[in-house]
């Protein structure tokens, strides 16, 4: 099944050189060509990038074009695609208080320009998704940011960019990437939920969806699978960032499945079998991880392979879980089939319920010491499938 | 200013007898009359309740009516109001797998009936807000709940209840109360954001807003003030639950301000001065806390008073902060006035920006080692106001 | 290998009836005989208990003896052992501010009496370990407890109990069970580390060790395996509580392995192969979990079986990991063999190092972009063993 | 009172230029002279440093000496002291897998050399405390580090360094600085407790104590004040790092008091009045914080001042709290005076208790619905003192 799954990697992921808040880089930069060849070799379908990953922030137009042409050649040579592009609005000192929601109006205007320019590039590269991670949109201190004002500015920027895409006729959709904190003390739109709520206040909600990241939701202690389900329910899973995180702490960006393994298993099950047993998300499986700072370049490519391997192993196990007749029986015992049915009978209204005798017939007391839900046993069988023990 | 603020208490708050997962009650029950008199004495404007706080789950209709009449008399005697009512859909064993989203269809139907009946009571009592905390809507295991199905059932229930309110012509709005976990491993609609997103998928989104609780958001490590600001931005702050929580752990329900004091200060500032320096939320200041299990009844009433005292002290300090000319100067230095201005010039479009020369004029380099934001100093002054040191 | 492993269960675990902070019991109590038979049937080696699990707090001496005799008969009938006993110093209202560290001196004295009495019972039952979980030893407010004084009282109690055991000649060791919070806002001796430090201040440190619980350490975001390793290093792993927890939140007490699966795998590996590839902990594998409130009695026994099944599956996988030649090669690549060697040469002293030329020979620069540690690949292989994929 | 308090700052704190995992520096470096003058101006008593803060990692001996002499001149000119020195064993790529516990033996040897050299420098500078933060001692993956081996290597290094200090006759004590994670996934000795336990396994436990940091303990959700009390109880509070942290997330290093304000108040109270109402810790109040990346150099010095101002304001409020007769009465009501008394009567032994009749006299039932502890009221008064409202 792995053959059909489209795995993509951010250029900044395998390209991360290991500098962190307490130490300098442990790896030396390699060329774009070498990067693409190695990604091809590990089985990637495509790559993604921020503008600043491709050419330095202060590039001249000539340098910028040269880098783009070089990238295109590399993509052609390897057959890799670029289905997603994004803009770096967080690294340069100018964005120290945010980009679209910086208190400094000139910075906000510059941020919109930088994004606009990158929308053109996304179109040029044939990308269909434009991810927006507002990592600097936030504050350390409650008095430093009027959040109502900041959301208004965020909305203004997204509306403006959306109308630009409409005007230009680009085949692009926006995908917001939530994160609760780091590098800011608190980041605006901290979770999948907050972004879903915000999207509905936009001029073009249909053009804007989500790019949830495993680790980001888990940094708030939230269940990633439940968040993805809500995004699917809202028709907003436009892209996805796969990686690993071990609980509530700094952003770890481990290999997918190297964090909460059981939740990763449930995630792959949801993506691949979540729509009545069929695939629920068609887009790329995008890895947004960091090869550990302890590794050399050999380890980098091993880690890239590990992401794909983990996904495929989980996919196989999810398939076995889905097909197991015992699982189907346990699900029925757990009444998951009833959950899929409407609660109300056809045609039933508030009025008709008031008139029915059901209220008096129902006996809540039978539920004490009554029939159990069977959830633990169902979960145990899921764990056994995950462990290849069935 | 305290005189105008409407403070309300849940009957289950001061009425909590101290039973917790590891110990039995430490206080004996008192009468509804004594409760109301004491709440009046501490300065409450009104009370709120679940149905099960007023009469036992298995009351006969006669017992139920008797309890309601007794409550009404008590309210009349004390002059206390009941601006909010809510339904207990989480204590009885029947709800062990949820109410509106239980896998068991009969339970879901019963839950709707229980809520309908309580909507009638809310109307009868003159309540304007109907809070819904779906504490059991969730799961411990990813395989035990199809979240997409569960959200569909949640929506079905809310749509049904909304149409009932419309049909009956009740003056009632729904307020969803998010919580990330406890008593379920993961609860549906875990944060303010998730509830905001969900509301937009309902038939009557205008009738459904939020009842955010300080501690619930903080249990996910989220900034409560930022969440409230997003709720205000969306026009969805229908009610609010004030209490205290010390970080990510079990639900503590401490006295308001006895948890994260600085965030409580910022919250009161937002509620009272968040709309261009004027009050931003007009509803009751509702305390949903628990008097510590260590306390006797004297301590219970002291703790109730402490909630109001904390709010009023924070209100005074927020007023002083708001009026301080130095604060106004520091805000200007921090460019908070610029954040309140649109980013785009009037009439500016994507097209016009492309044509302007501003892109070339702007010099990002000046921002390195350039002017700072002044946030730390502004926060220091805020802390000094909070500490009564200015 | 499962045959040799001694699995034990707390009576309060399978005996938990499902009452939680937001709901009442969902299961009705069963007899001690039925409990013991079922535990025998699921494969348990023995049981453990608090005094209050065996007879009510306010039992007469006659009732107490009757319950003890009945238990003994049940143990004899089933062949189950009771290797550990513990005292409930947290459920009764008297302990609302703690037991050994309650501010109320009379309560402290009563707590010591209750523990003394239970030491006699532990001796009578042939238990070798006496667990002490000080769940109420703590505070919600920093001003409510002078922690230095409280630690002095804790020490006083432990010293007294230790000297009693010495006097009586009992074959008993104490095992402290740390927990960071819940039911108190902050509990004294919150982690494995704090308890280790405290033990060294006692009169009889050799008699006091630890009973770490998976979920308790994970409630502080700590790596349980690393904590157990430090306890082993200090010779203090006297007992262990196995269960599952999904991150930093309320105490979940899930089935072992139903929380952080990868960490559970590493734990079993450490326990079974952590001493130069041999077993590192010889005591019982004690499950301290709660069958989910959603389950009936059938589900309770399924959940008890699931604990043992998880341990055995992880044991098998740890064995395969340990024996895999590729793993051995990868460990060498990762220099784990070097970590097992002393850093200093034999006879090397501070003085001799000063005189050596090594300082000048060592070239740190070669480590930039140099050889990587190979950790990601090693972890990937571990995950594959865990998933039964090798 | 501020005049007598010795405030010190790490050179790396005000010297932090703002580079973080997602962005480059926002401030340009300034000279050591300018730094010292500014620290003098804000009211500092002294400074502290890592070796790498004073001279680059790869300095020649000549460059190193030049930097040291320049520092000495600066100290002389300003009158600032250097009571603490520490070694950077975490920034250079060589330390990517740790220093004293790196799997690579050559790295471990180099780390010892680097530390030895810095002990000489500490002695030369007149420092009395040598802090050791083992930020890279840890792992991301359980299979990558045998923790028992790693602790043995840690111990070996500390024993070696201790014996060197003894040999040389230096007036130096070691202070371990715990941290749970970041930059490693899990760090060895993650909390105050783990370090306390570890110290007792060393050859010279009397020479090794702690340097706890506010934010580090709070990153594990632990109560910093309770941790400091346990360190004081063990006689191990050798140094302290003051800063601010908002809950469980990445290491924020905010200004002291700009995180959990109530806990900061309790901390200052403990340090200044924790020993029978007198000062409990005599060492420097050392700020280990980071001026926010949003700030310019003016903001840096404002933030430095803010630390001192916060400490002094909290000191004043703690003094008022301590002297308030109502507080003294409330403490008595809360039986804090009883907590300070031994639980056992003089001469009481296990034997004598068995013979006493007290067991039968004590009536636990009176504690249900009995006298409350008064903790909430006491905490409310504490909050009012903190807010300057009394």
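The chains carry the letters A, B, C and D, assigned in the order they are written, with residues numbered from 1 in each.
In the analysis below, contacts are C-beta pairs under 8 Å (C-beta built on N, C-alpha and C of every residue); 3 or more make two chains touch, one makes a residue touch a chain.
What you are looking at is a predicted structure, and each value in this text was computed from that prediction instead of being measured.
Student: Using the contact definition stated above, find the chains touching both chain A and chain D.
Tutor: Joint contacts, listed by label: B, C.
Student: State, to the nearest whole Å, the distance from the C-alpha centre of chain B to the C-alpha centre of chain D.
Tutor: The mean C-alpha positions of chain B and chain D differ by 37 Å.
Student: List the centre-to-centre spacing of chain C and chain D in whole Å, with centres computed as mean CA coordinates.
Tutor: Here the centre of chain D sits 29 Å away from the centre of chain C.
Student: So which bits of chain B are touching at least two other chains?
Tutor: 25-26, 92-93, 96-97, 140-141, 144, 180-181, 185, 219, 221, 246, 248-249, 258, 262, 292, 294, 367-370, 373, 375-376, 379 - these are the residues of chain B that touch more than one other chain.
Student: Chain adjacency by touch: line, ring, star, complete or other shape?
Tutor: complete
Student: Could you list, by residue number, the parts of chain A that touch chain C in their complex?
Tutor: Where chain A meets chain C, its residues are 25-28, 218, 221, 246-249, 255, 257-258, 260-262, 291-292, 294-299, 302-303, 306, 309-310, 313, 317, 367-377, 379-380, 383-384, 386-389.
Student: Looking at the complex, which residues from chain C come into contact with chain D?
Tutor: Residue list for chain C touching chain D: 57-58, 92-94, 96-97, 100-110, 112-113, 116, 139-153, 156-157, 160, 163-164, 167, 180-181, 185-186, 188-201, 219-223, 225-227, 229-230, 232-234, 248, 262-263, 266, 269, 274, 331, 334-336, 338-344, 349-351, 353-354, 358-359, 362, 364-365, 367-370, 373, 375-376, 378-379, 382.
Student: Report the residues of chain A in contact with chain D in the complex, numbered from low to high.
Tutor: Chain A reaches chain D through residues 18-26, 90-93, 95-97, 135-136, 140-141, 144, 180-183, 185, 219, 246, 248-252, 254, 258, 292-294.
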